[in-house]
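Heads up, there are several structures right after this.
Below are two complexes that have chain A in common, paired first with chain B and then with chain C.
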Partner chain A sequence: MNLKDLVLRPAFFICAGIFIGMLFLPQTLPVYQLMLIESGLTFAIMGLGFNLLLRYTGLLSFGHGALFATGAYAVGMMGRWFPDLYRIEILIPVALAASLIISAIFGFICVRHTRVFFSILALALSMVLFALLVKLYDLTGGSDGIHIDLPIMFGKSYDGVKRFEFLSGGYYYFLLCTCTAATILMYAIVKSPFGMALQSIRDNEVRAEMIGIRVRRYRWYAFIISGLFTGLGGALWSFVNGHVSPEISEWVFSGEIVYMTLLGGFMVFVGPIVGSILFTYMKLYAISITQYWMFIIGASLIAMVLLLPEGVAGGFVKLFARIKRANSTGVR
Partner chain B sequence: MLRIEDLVKDFGKSRVINSASFEVKDDEIVALVGPNGAGKTTLVNLISGHILPTSGKIKFLGHDITSASPYRRIKSGIARNFQITNLFEDSSVLDNVRICLFSVYDKINRGILSANYYRDITQEAEGLLNEFGIEAQKHEMPPNLSEGDKKVLDTAMAFALKSKFLLLDEPTSGVATGDKFKVMDTIISAIKKQKMACMIIEHDMDIVSDYSDRVLVLSEGNIIAQGKSEEIMEQDNVKEILFGVKK
Partner chain C sequence: MENWIIYLLNGLYFASFLFLTSLGLSIILGVMGILNLAHGSLFAIGAFVAAWIVGSFGDNSPIAIFSIGLLAALGISGLMGLVLEISIIRPMYRRALEYQLLITFGALLLIEDLIKMIWGGTAYYASKPFSVMGALSIGENLYPFYFLFAILISLLAGAGVWVIMSRTRLGIMLRAISMDREMAQAMGIRIGRLNTLAFGIGAALAGLAGALLVPTTPALLGIGMDPLILAFIVVVLGGLGSLKGALIGALIVGETRSLGIVFFPEIELPLLFLIAVIILVYKPEGLFGEK
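Now for the complex of A and B:
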């Protein structure tokens, strides 16, 4: 499929329409709603990275919270230790560099195994990072975490500006463009020969090795790319949240990442994006209803796995496919 | 081309390959025959690097590849198919071949251009499917193919690796009896066209005698006879092992 074919697809028009519509959200949505959307967008970038491992490489990580925390803490620690360099154009590359190092180390250890062994190793490593974030108080702020100041963004200082003003101004557009670029980049990755190789490894590791694909090495690359997306999501999220604490490296948050992806539908490319935004709203409204909000989240996960295993986006894709088939065959 | 010297493979206390030595020359098609459990697939696994030998040497084109990784062996020109078809079930027939070509041409880690951008590779994959007679099914998923077509696709994938030496592990097993010769004709004509050497594991002695230049007989991990098929079939020990005919 060339660029012309891609542009002529209905999905392209839907995505372009959503992007254009989102450009006008700061003018139409209340600030609080906008912050929820922004939080969802940062999770979406993370979800895209997570799903590169789950959907395309067949590896379920229960430790991605650590990679998210790496990006978020890179921003926080830069603000704490290098306040002169607290500019978004420096912070994002630093967060990516930190994510690259941590995901390269974690990945090197984890991809030596698959299935449940991979999942448990990733979980264990994330808990090691969690323990370090809690214990290294002087460096990380311990369990108190680190407050995230507003950064200088492309030469513009936000000193004295309220966070909600920052978030409903230039930062929203920066985040939207970054999320769009990340989505396009991930789409290109999964459609490239590299993406095909990952899917071959997922489907049949033995055969993949026997056609000359370096299975472990490509799994490692996938883990690193996944870590970069996740770390980027964490860095961008830190500005939205205004505070980072070790909880984002804990297994509970890693479980939430899995939940978001399943909610949207991990078999569909846009599933993690849909799931991340839906989860942000679901969690907030569940918390506002009851202190037992985790019960609601848990019950909804059980219901979804039983009734809609394809996830929300996957369900829509299935529905559209059924309608299309019915229209072409005349059978309903 | 391929030289096996005193190859031994033990699984625990069980010796599966016992000091096997033989040679395969350039452009030669060698059949490896023997009863079930003789060690034929183990031998293929040893040559392809799927498992490593306990002792002995494997030399390919003069280089010692005894402990080389499967990746190194493939890059040096050894490819294989599988006794039980081993395909990428969630990818189309065309993509099963395309991924092999991407691997051969080292395109996998060369940026993030769409796989469809490489039209020359898509055309080559289509040409290969055409050569193997399954181009019409290029958009099908492997589970929708007949057993015969799955076997042909499996072999086409090994063939796509542009190897110099092809290991075919029972290329007609599971194929309907009437289609066996058609499948073999397709495979052998492609092999001869590319002037490859080949080692075929096969149980059907008609296929062995029709398509191979030389036959190796393996029994309990030992090569007990080798030579032209008509000569081999006359030997009493071969008759006894392959057909249960006692003198």
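Now for the complex of A and C:
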């Protein structure tokens, strides 16, 4: 598909419209709403990475929280040990490098298995990181975690600025642009020959191997790319949250990542994005109305798996397809 | 030297309830192909039931009451397992892996808050049976009789599962399902009912394991999380659907943990995973796995 075809599709106009609309959110939304959106956007970057494994490679990771934590902790530990280098243009590459290392190690081990054993391994490895984050108190702050200061962004210091001012100002646009770039990049990856190779592995491992694809190595590459996106999400999230603690490496958070992706609909490219923003709102709402919020999340999850397995975005796509079909048969 | 013996014996206690937890997980995974993330919550239910019973009635004859607590934990967790299977797991067999995992994850969240609703957020102590039983002296060290009791119970339960699996019609049918589901169905085995039963057995074992833990550790929210993760390692180490694998895997994990806590507390968990990774690289099906 060349660029002209891509730009002339209605989906492109919808996405461009949403992007332009989101440019004006800081002026229209109250700050706490904006912070929720920002948190959702960072989860969206992570969800895109997660879905590269789930949708396009056929591997369900139950340990992506560890990769998210890697990005977030890279920022936190830079702030703690190298305060002179606390600039966002240095922090993000550092976080990416840390995610690269961790996901290369995790991936190398995990891709030795597929299906449920892959999930168990990813989960188990994420708990190793969790244990290390809790136990290496001197290095990571233990279960207290690390406070995240506001970084210097492109030469501009935010010393003395309140966090919400920082978040509703330049950082929002930085985050929005990063998220958009990540989305476009991921779209390019899944449409590239590499992405196609991954899908062929997902569909039939034996055939993929027969036509010369190095199955295990491609899975490893996919894991690393997925880890990079997830780590980027974690690094960006740490500034929004203002604090990192080991809970994001625990497997319960990894389970929430799976839920976000399936809530949006993992068979649709934008599903994880929709899902993460929806989930952020849903969780906050559940926490604000009852102390038994896990009950609500759990019940909604079970209801979704039973009743709407294709997720929200997936449900819309299906609905549109049905309308389209009804129209075309009507014409005939 | 005597210290070493004590550490190894402590490891045996740890291995005993880990063995039961992973055996239950392994049965469910082997027979139904479902990784039960809510297994730790069933473990927690067992722990809370036993701790509550011992704490409320166990003042006069703690050991007898604790035995009742064990049975009650076994029964209630097993019942919970049956309810779970019938209500939400059953529609999942034909679905993709992600839905199967996600639905047990949902069950986990539900049960954790259910426990919070029933027993509140406070800790339940049931150390009476532990202190009443006294201790055996080995050289200069003491070894609690309760540990021996727990090891005995878990060996008995393991033997019970072994008898069911290898000597009864039911066990043969269950093994047939785990080997080849469709063929078993074609031979006229009623898969649906047996799935429910297998899930119930697995859940009951988790509940029993949880009950065995409470005399040494108070029942707290989230008590089942650690055993669940360790049971995953045991299943990976020992191989799927093998009783021997669960036993040996639990011993490896239990002993490593017990020695690790003494000698290298910081890296005890990473070390376990290192062992798991080495075994996976050289023998991907686990030490005693089929295939």
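As a convention for this text, the second predicted complex is superposed on the first by the 330 of 332 C-alpha atoms of A that agree within 3 Å, B and C clash if a C-alpha of one lies under 4 Å from a C-alpha of the other, contacts with A are read in each partner's own complex, and residues count from 1 in each chain.
What we mean here is this: contacts are C-beta pairs under 8 Å (C-beta built on N, C-alpha and C of every residue); 3 or more make two chains touch, one makes a residue touch a chain.
Because the structure is a prediction, the values reported are computed rather than measured.
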First, second, both or neither for A:193, with chain B first and chain C second: first
Contacts of A:213 with chain B and chain C, given as first, second, both or neither: first
Partner chain(s) touched by A:306 [first = chain B, second = chain C, both, neither]: second
First (chain B), second (chain C), both or neither touched by A:203: first
Which of chain B and chain C A:132 touches, first, second, both or neither: second
Touching partner for A:280 - first (chain B), second (chain C), both, neither: neither
Contacts of A:178 with chain B and chain C, given as first, second, both or neither: neither
More chain A residues in contact [chain B versus chain C]: C
Which superposed partner A:121 touches (first chain B, second chain C, both, neither): second
First (chain B), second (chain C), both or neither touched by A:262: second
Contacting residues of chain A [partner chain B, same complex]: 1-2, 185, 188-189, 191-197, 199-200, 203-204, 206-214, 218, 221
Chain C residues within the chain A interface of the complex: 29, 33, 35, 37, 88, 91-92, 95, 97-99, 101-103, 105-110, 112-114, 116-117, 229, 232-233, 235-236, 265-266, 269-270, 273, 276-277, 280-281, 284
In the complex, chain A residues that touch chain C: 54, 60, 62, 109, 112-113, 115-117, 119-121, 123-125, 127-128, 131-132, 135-136, 251, 255, 258-259, 262, 266, 291-295, 297-299, 301-302, 305-306, 309
Residues of chain B that touch chain A when the two form their complex: 48, 50, 70-71, 74-75, 79-80, 82, 86-91, 95, 98-100, 102-104, 107-118, 157, 160-161
